[in-house]
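Please go over the structures that come below.
The following pair of complexes shares a single chain, subunit A, combined with subunit B in the former and subunit C in the latter.
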Partner chain A sequence: MNNINDLKSLELTVGDVFSKNARLKARNVNVFYGNNKAIDNVTIDIGSKEVISFIGPSGCGKSTFLRCFNRMNDTIDSCVVQGEITIDDENIYDKKIDVVPLRARIGMVFQKPNPFPKSIYDNVAYGPRIHGLSENKEHLDVIVEESLKRAGLWQEVSDRLQSPGTGLSGGQQQRLCIARAIAVSPEVILMDEPCSALDPIATAKIEDLIHELGNDYSIVIVTHSMQQAARVSKRTAYFHLGKLIEVGKTKEIFTRPQHHQTEAYISGKIG
Partner chain B sequence: MFNFYLLSSVLLISLIFFFLGNNRAKNLVKLNQKNLHSLTHYYGVYSLLVSLLPALGIFFIFTICDDLIFAELIKKYIPKEVVASKDYNFTIVLAQINNSVEGLIFGTPPKWVTNAAEIWISWIHKSQIITVIICISTALISGFLGYKKISGNFRSRNAVEKIVMSILAVSSVIAILTTIAIIFSVVFESIRFFALIPYDEFLFGTVWNPQFEGAERAGSGQEGLSQYGAIPLFAGTFLISIIALCVSVPVGLFSAIYLSEYATSKERVFFKPLLEILAGIPTVVYGFFAALTVAPFLRSSGSIFGLDVASESALAAGLVMGIMIIPFISSLSDDVINAVPQSLRDAGYGLGSTKNETVIKIVLPAALPGIVASIILAVSRAVGETMIVVMAAGLAANLTANPLEAVTTVTSQIVTILVGDQEFESAKTLSAFALALTLIVITLAMNFYALHVVKKYREQYE
Partner chain C sequence: MNNKIITPLEASNKVKKSIAKRRAKDNRLKLYGRVAISLAVCFLLILFYSIFSKGYSGFFQYYVTLDINFDRERIDPKGDLSDNSLFDGEASKIVNESLFSIIQPQGRKAKKQAKKIVSSGKDVRIAKMVKNDPSLFGTTTKVKFALDDDIDSFLRGYIKRETPESERRISNKIIEYIDKLNEEGRISYEFSDYILSGSASGNPEMAGIKGAFIGSMLTLSVCLLIAFPLGVATAIYLEEVAKKNKITEFIEVNINNLAAVPSVVFGIMGLAIFISIFGMPRSIPLVGGMVLALMTLPTIIISSRAAIRAVPPSVRDAAYGIGASKLQVIFHHVIPLAMPGMLTGTIIGMAQALGETAPLLMIGMVAFIVDVPNSIVDPGTVLPVQIFMWADFAERMFIQKTSAAIIVLLGFLISMNALAVYLRKKLERRW
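Let's turn to the complex of A and B:
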């Protein structure tokens, strides 16, 4: 499989993988878990201030691919990433790149809400504190308030910032995690199935939030729900068995899929 | 041997009932062509338990009680003039009789002792016969009743469930009762001690100088030659414990963090068992390591700096005790650190924390209740540890905060008091129990307080 040349693999992906004002560029990315190939030669651009969703059946590698963008796969011993991923034309897998500031530039929201067992305030203030983003206490207060407002949580928690973040409801916790990610002012936010553990009302709130945040950030969202992809994203990428099958405008993917596998997935035959 | 045969035959009977019950259930299925409530082997297990447990219970009650009953009955056979004599002590007389029952005869015991022993032996034979008859017949009768119960509607699966639950409950009650019994055994002797020595003198006195002297016997009114101020002992205990914790908490905690957060799985598999070997070394070995290796080393290196280190010092004992406790802290902390969900670490890394920041700011606070629990366990070990201090810390009851001097601890005093021949009337012997009681109270209080702290912290964050 390694010997497939670039041209051939690009032929595999249907649709327009490139973007005019690309912020993140992935070129011929392969990911291995030990001897297992999880991502097979994926090339895609992610535009500036663009919301793009990754869809596909379970185990298709969409989460694995997402975690390549902020090098979260580094924490898994057996995981090897090949190929090139650039942010603003800087290769993030370059040996000179320090992964710590990189992860501050590319924020991440996880599948299950994972607030720290600290107060709501400390949860949001965590990132600014470790990166030294605030000059003084007042500035930090401003950052925390601003982040919570942007995450649409301020009204609900402004009177109990010192109570534990784990005491919030699931949907509130996830918005807290989003506020925590925003607080370090990232350029890109990666979301790994952010609503899969939430009820429909909380999901709707998060989706509204993604909509709004899309005006300022590039957002990559992995989702199981095709409706969600249709609601929140402008572009959609369909993964299958570690390969990127089709990329295109969300509307077109869902109404006129060009690849037969995409069509099969969308019409419910795979998945 | 007798007990072994009896128990085996009871077990055999209940096994037979297992097969009988099982077969009866199978036959019921065959004959009636209808379904039983439970699987057939549950009927067998039910019959087995029903025949075994009552017989076992009766057996244990009999074996525990017969000595007590005999001891009460034998009083009749002790001659009046012996009972009336001045230094009559029933415990000693009983021991004499028991020795002669077991065939341990020192010198020529009085005639009445051999007589009593013969009577005692005849009772043993009688009680054995009675035990056999009652145990076997209980096993047979209750097994038979259980067997009779087996019918299509009988819910043996639920019945077995209940019996198993009560076995488990009884086991936990035994553990609790033992604890209570231990405490009471110490409490009663302590009360006798406090009748001789006022408790404020014991608790707040600063001189510990117990002596065996006839003069300080109970009721002679001449106490005061010895002094029973326990403060130096407790001070020594805490001095050594604090030194031990200063060694074990950082080393144990840091190695736990290394093992759970930084080490690769290969290193972990290699290092963790090695660390746990420390816990398997007998404390006596630690003791002579402290006395023969560490103490002389401290003494010689102290003299380089012009310090006078006693050859038996609190420092040597504390350091070695600290090494002994390391695995308790590291092993438990490692478990709790591992139990911190990976999602929290991911969140930290995702925000751009370094590994170190993630450990200090996220993982350790989340694992803190468990870490505190492991430290409490270590403190209890340190306070209760005996062998190392006996060998390395000395026996001089100095009231000092200088770790270079010899001190003694509560446990090592208890050992020195209780080793050798004892007179249970003397304040010195009884003081061991008072010390033990105080130690138990202190460790219990510490545990309660620490649990309270842990609980408070948990409520805050979960």
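Let's turn to the complex of A and C:
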């Protein structure tokens, strides 16, 4: 673990970037948009069944970094990722790796609720269908029901599964997107500011949900709200201008930040 | 004074002052818009009014009713109802005899003139009747025959009685005969059974648009079958698959340029490639359709690309995020959402192709073809070319036929556009 590269990044990052039962490991990751360096030498572990939040001011690269984990940055032509990211010690940027099964293992929930313009049922069933996860129609029904239940949406929509997913309220749509993500039984769920477009009540529901899902999945959540980070996550990572400044237990980050920039952000001086 | 910040009171006064000006500007803009729209509607109405008011008479023509004795011996000498036998029969003679019995022409010259009153398609009509219903044999039945085009024009008042005989296309004798027929109530003005079911003909009273209509349908089907898949596939490739680089940029610029190339150029290209190099026959809907497909491709590609670009990226992200492959994203999400736009573009392209004459002239679809094409490799013509040809003919009656054909073409176009609107509405309803 303590090779020279790790030490180099440790010079930058305060706190404990490593995790004992790490599932995802990022080592010296750099991301470029053309000539613009968006992520600068970030090293971090994400543990198994751990909820970790990425915080930091706008434009600090936390979303960009998040999208490295399931290679969503591939869809942007000018984006180049250097360094190594592994899931269960398998390099996801290896040429042999196919992004399709990778994205089935690492699900994603986006900032704006983006259900497909299809029925609620088809939204959730889409992933299992394209990956061939269900043996028959009954099995698919079970997967859809179970996913919706886990996303806390079943009670609200069980009687109208065939109505359009886009007809739900914003909070319901976001939970539908979470149900869609967990329907393919991923190992990790990436959430990119999942509550930024929602009202406080819907936000509270999603937060409860993240709390519960944290028992089964590794969850990485990018958020602008420090309160939210404090409420849902065990660990917190603070990013600033593409650098990972500090990682630590959420409680400690918010009560005793070690780095002066973290402290400045937490106390509202920057951001 | 310039450096002073204005007080809220001053500010609100200034705003009030400027508001009147802004309102006036808004209203003027509204007015211009309304004037422009009402002008457009006005011209459209005038256009439609003039076309329909002048053209509808093209669907009607004058008929004469004659008593025909269906004598099997004379009409069908061999008795087997074959085309040969009917051709050898004396159907025309029977019609003439029936006509002469009414108008009583005296002398060879008068008889010769009188024969021309009834359209030369009389024997074909009798042959058709007995083929459809052999039980007519042995009876005497009233049959309607089209009148010759000059007589038709005379009855419509285009050829005037007052004109001196030497300058008139029909003689005094003929007018006398027609008056006689009229007195007996044998002349009627009815919906033409030639205009919709007849084909090209040198006799205007028998000319119809069926051949051109079928030719148009065949040509358009070929055009659609080639241009739609090719155009949509190109658009998808350029938008979703191809990397943005110099080559794709070059292709893009050229597609946009192609959309502005005069259509006759496509015709020359079709002549050079399909006919000269590949040796395909002239005048066939297959070649016509291929030429029109080349012409409509840019339209379809451009509108399909716009439709694909309008698919929200969030839907793509969602699909990629769940592990859909590129092909799945394209076929499950992008195409269904872009389909209304693609269809609209395609139908606009088809409507353009339907009205196109110039490129088809180049590949010989302007030929005079009497037979209705049965397949895409039978020689044929299309509606706009038929209109173009009829407009060129000297006979007075072709003017009405041309107008009628224009109405049919317009109806075709309007129903295609209606279909586009319907499809868009219907597909969009799938959220």
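Miscellaneous remarks
The rule is simple: the second predicted complex is superposed on the first by the 262 of 271 C-alpha atoms of A that agree within 3 Å, B and C clash if a C-alpha of one lies under 4 Å from a C-alpha of the other, contacts with A are read in each partner's own complex, and residues count from 1 in each chain.
In this section, a contact is a pair of C-beta atoms (placed from the backbone, for glycine too) under 8 Å apart; a residue touches a chain by one contact, two chains touch by 3 or more.
A quick note: this is a predicted structure, and the numbers were derived from the prediction, not measured.
In this overlay on subunit A, subunit B clashes with subunit C. Contacts of A:Val184 after superposition: both subunit B and subunit C are touched. Of the two partner chains, neither subunit B nor subunit C is touched by A:Asp159.
It is stretch 41-49 of subunit C, out of 41-49, 95-103 or 167-175, that runs into subunit B when the two complexes are superposed. Residue overlap on subunit A between its contacts with subunit B in one complex and with subunit C in the other: 70, 72, 75, 77, 100-104, 107-108, 110, 112, 114-118, 126-127, 130-131, 164, 166, 177, 180-181, 184. Subunit C meets subunit A in the complex at residues 243-244, 312, 314-325, 328, 332-333, 337, 430-431. Residues of subunit A that touch subunit C in their complex: 70, 72, 75, 77, 99-104, 107-108, 110, 112, 114-118, 126-127, 130-131, 164, 166-167, 177, 180-181, 184.
For subunit B in complex with subunit A, the residues that touch the partner chain are 264-265, 341, 343-354, 357, 361-362, 365-366, 460-462. Those residues of subunit A lying in contact with subunit B across their complex are 70, 72, 75, 77, 100-104, 107-108, 110, 112, 114-118, 126-127, 130-131, 164, 166, 177, 180-181, 184.
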